[in-house]
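Some notes on the structure that comes next.
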Amino acid sequence: MKNRVERVFSDLFPINRSLTGRGVDKTFDYLLNNFPLHGEIKSVPSGTKVFDWIVPDEWNVDDGYILNGAGEKIVDFKESNLHVMSYSAPVDKIVDSDELRKHIHTLPRYPERIPYRTSYYNKNWGFCCSHNLLESEQFFPPFKVFIDSSFNSNGNLSWLECVKKGLTEDEILISTYCCHPSLANDNLSGVILASFLFEYLSKLDTKFTYRLVVLPETIGAISFLSQANTNNIVGGMVLSCVAGPDKLSIKEGFDANHFMNESAHLALKSSVGREYLTYPFVPDGSDERQYSTPGFRIVTPSIHKSKYYEFDEYHTSADDLNFVKSEALLEVLEVHKTWINLIESYCYPKRINAFCEFQLGKRDLYPKIGGTLNQQAHEENERGGHNRLFKFEDTVTINGAHLEAFHWLMHLADGTISNFEISKKSKLDISVVNEAIAAMYQKDLLELK
Amino acid sequence: MKNRVERVFSDLFPINRSLTGRGVDKTFDYLLNNFPLHGEIKSVPSGTKVFDWIVPDEWNVDDGYILNGAGEKIVDFKESNLHVMSYSAPVDKIVDSDELRKHIHTLPRYPERIPYRTSYYNKNWGFCCSHNLLESEQFFPPFKVFIDSSFNSNGNLSWLECVKKGLTEDEILISTYCCHPSLANDNLSGVILASFLFEYLSKLDTKFTYRLVVLPETIGAISFLSQANTNNIVGGMVLSCVAGPDKLSIKEGFDANHFMNESAHLALKSSVGREYLTYPFVPDGSDERQYSTPGFRIVTPSIHKSKYYEFDEYHTSADDLNFVKSEALLEVLEVHKTWINLIESYCYPKRINAFCEFQLGKRDLYPKIGGTLNQQAHEENERGGHNRLFKFEDTVTINGAHLEAFHWLMHLADGTISNFEISKKSKLDISVVNEAIAAMYQKDLLELK
Amino acid sequence: MKNRVERVFSDLFPINRSLTGRGVDKTFDYLLNNFPLHGEIKSVPSGTKVFDWIVPDEWNVDDGYILNGAGEKIVDFKESNLHVMSYSAPVDKIVDSDELRKHIHTLPRYPERIPYRTSYYNKNWGFCCSHNLLESEQFFPPFKVFIDSSFNSNGNLSWLECVKKGLTEDEILISTYCCHPSLANDNLSGVILASFLFEYLSKLDTKFTYRLVVLPETIGAISFLSQANTNNIVGGMVLSCVAGPDKLSIKEGFDANHFMNESAHLALKSSVGREYLTYPFVPDGSDERQYSTPGFRIVTPSIHKSKYYEFDEYHTSADDLNFVKSEALLEVLEVHKTWINLIESYCYPKRINAFCEFQLGKRDLYPKIGGTLNQQAHEENERGGHNRLFKFEDTVTINGAHLEAFHWLMHLADGTISNFEISKKSKLDISVVNEAIAAMYQKDLLELK
């Protein structure tokens, strides 16, 4: 698995992606050929109005370089696709230092790194390079600048869309973006996580229908939303920056109490306890900016390892294959699997009959000798133990925590309180509550809404 | 009073009570003969379906013992009715040590105590004895085990029900259980407190109607609920464990903001300030487990001295007449009387005319010389005094706190805010608020809902 | 300005005001002649029933003194109009010490001061004087007591009412009282602040209509309310005690979350940060006692410098022209101007189109080169700077804080969340939020409700 993750990283990293163009198409082909995604590529033509936006022309770039006064190639797109600013206009001329400096982007603070820059909606040409180069002896005029790029107004903006059908039409949206060139944590890691997560989902029977979209950030999400039926979407997750060296973290969706958030927190807790960071919702970041707008109000948290803005290598050539670790991505994958299982468990249990407690004993859900439970519990607590096990039948082992959960369920399960809320009110682990719900459901004591 | 409490404890303690049977009947007869309860004994036949439960056969026991290999009576029901497990099946046979040990219950941690055990819904025979006996030289086979018990499928499950009519049909439920054999704090103390409390109520004119039920725990409450009209019940109190040596405490009902809880807290505060413990609601414990289910949602806190689960003597022979104190029970009785007076005061005051302040001066509710109040209050505060008395007429002495309460009432009394909430918002004692409400009501400035 | 404030203080201070009478009329004439108030004097006849109250007879006093046993004038109304209790009945007789002491008010704690006392609704005669006088050798009988006062049952109770029309009929009520004689902070300062505030308002184009009432406390407010159309009043401010030496403070209106309160807090913060005191609402104090009653529920906070009850000079002759400072009043005036501008900005922004983000770039509201913002912000934060300036067009300079505000507005502006709430949720200053709203409104991206 670890090897597979590493191979996918190496295969996809060199491809030059942007909002549109051949790099994106190649990426989609690779994913469809290497994962059981059963997806389809959708697109809108350049020039289409999508809400407040116009889909830009399709952009491709084949070459780009700067020659110095001695004719030496001091910047070369073929060495790093970050060297040409994304959506740069074509150029082919001789310029002096002053003019070139207006079109060149560097990071004085990190002089050895190439920054990542874009100019999607303002036609301009530009290069990105290390600041060291600007300061070096190699940097002397006259410069020849050459970018072989093209804009195609008959082109398309494309995205990959995959649906895994569930028992209901309620949909969970998994969204990730694919528009960055050779940057590993932001955003290649999100694309790879999404693929492995859908591979996992393809083997599950689920209640929810899951829709994966791999799209260029912002304009891609807007294009997708402009033609999607979003009425069935109950929430989702935006995948981004999931393979860095930092602590696990969550950026919450805009409604902190929504079950998308609660389940994401519970998944993180079950993985690392309290050892993760929480970033409250702010309307910046990735495509939650679109999903959270008033017309949609779709809650989409994100679970990260090294969240965008929070690591120095962000949007520079240092966010490369050395920065990401396959173990990190696999850890985040496990958290997302737990999250899937938690949202699949989300329900509003309702007692079949709302009056008084059920007689648990006749259903083998209660210890046979009365007057003992709390005495025993008391003694075991003093011994530091939690092994209050009562074996009731061959296939089910019910312990004291389940018994507590039964009591809470008999009290709370009126169809208006979710299993997550019951877990909170009872201070019992969601897994215990879910097991107790399962046991009571099997005994026809609850219906689940 | 103290002597009376002690006598009732000694009279009732020795009786062998269980879910059903002659001990329960004897207890009810004693209460009806010794307290002005005007109650009636209600019952349902064995085998009746009550919600999810079946009323068990009536059980009686006349004798029970174990003879050791030498024919010595090493366990004898006549010495302690805890020795025979409640609802034990009859038995009469010779057994070896291994078999006897499967049917004998002890407390290794408290080797001198006899535990209390039941087997209501799983037919089995059993003894309870001190762990010391098992370890003693007297304990050697072959054993003769004998229990003279009987199950009557034509029997009944009974409870005592008493109604004290009030001005309205809104009912307060006072519930206590009577199914434990010779155990003093849990639960004889609750039965005795209930009787004295209803003796007190019998002399009062009340707004609420009060219904007392003395019933076997769980199945008795379920049987009562199965035939009761619960629509009028606005809340109540479960009486249990009220005569132990520990601090006063409250186990809250499930809705912490309900006036049943608020009034119980206020009653405790007026008795001991902050010197009491609060146990938040959990759906274990006593018959609040039934009353709190979705079909009923009746809020019933409990006020304790030495709450069940919280004292080591719980459900053992050490919960005897030495463990309980009549002074403790009388202290809890006083708290319950205060609670009754508080819930009787519960109201939503509404101004007769909602516009501007009333002219308090013309109704002798305001000092005659203006410009002085706060000056005076200021000076007295610095002197540490609160004796801001203004005498307005011969029969009413209104002080500065009342005046504050008048102002809060003129502001808040719109019929949607209870006197308890007004007390909280104004930070004035509920007694001051109630006196101010009375004064304004007498002057036709308020109506009470 | 400072000189003007001082002149108005000196002109108005000596006038003997009360609930009714010539002093009140003189005060109104002065205000109408010296400020562009465009007000009118309204009145109700003595004896009129206003809600629970009866308008008292019109009271005037021309002279009042006490002569001692030697015929020396030891108390003289002409020296201080506090010497005669407000609404004192006329008197002209010889009395001994015992009787005089029943009718004389002093402050033993502040022996050199004259207290302020009233007896509006209980006919009585009375003098106020320094406690030192009572202890002096001059104080010996027989005393001649003389008060030349009169009650006119054909008189009037008057108040001054001024309206500044706004674009809408939604009204803001500015209320201050004028019934105290020569007392400077309580309440002459409020009357003067109100006049300067309406002078300021007269030059503004406003959304709200502003109604100023200068009226005798309590009975004046009740009379005004009895004949007012209060349906359009959305809130207001009570002006009182605004020129003392203590810290700025606010007494909140009864609904702490109302935008009247929020805007008042914001105005104070923008003036002095956290350096002001907050007094939570209590139903005492001034005419908020009437406005807050159930029939009206008008939220009216007050902003003070040296709030009533909180300074020792309150309701004594020490609250004189030396106690107040024109600088203090001008500081409070500035806070009220800020408050006016804040409530004028109060709105519920709603996006014209609710789907996805707007394309800010094509409207010159977004930086032209992408991938830079947070990198730059990150670096600047480390340098401690907040100078993230992006110049977009000649007339508008939009900075990073505005950009954050645009994002919050695109997320939250669904017409149900006020600009104040958006400021709180985004933790952005209200001025930044308001500027961003203005920019988006100018670009036809928002409508304002």
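For clarity, chains are labelled A, B and C in written order, and residue numbers in each chain start from 1.
One rule holds in what follows: contacts are C-beta pairs under 8 Å (C-beta built on N, C-alpha and C of every residue); 3 or more make two chains touch, one makes a residue touch a chain.
Note that the structure is predicted; figures quoted are calculated from it, not measured.
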Problem set entry | Rotation angle (°) superposing Cα atoms of chain A on chain B, nearest 5 | 120
Exercise. Do chain B and chain C face each other with the same patch, meaning over half of the contact numbers show up on both, or with different patches?
Worked result: different
For this session: Just give me the whole-number Å value for how far the CA centre of chain B lies from that of chain C.
Result: 54
Exercise. Which residues of chain C are in contact with two or more other chains?
Worked result: none
Exercise. Which chain C residues qualify as touching chain A in the complex?
Worked result: 351, 353-359, 361-362, 368-372, 374-375, 378-379, 404, 407-408, 410-414, 426
Exercise. What residues of chain A sit close enough to touch chain C in their complex?
Worked result: 50-54, 85-86, 105, 107, 109, 115-122, 124, 126, 218, 221-222, 225-226, 254, 282-284, 289-290, 292-296, 308-309, 314-315
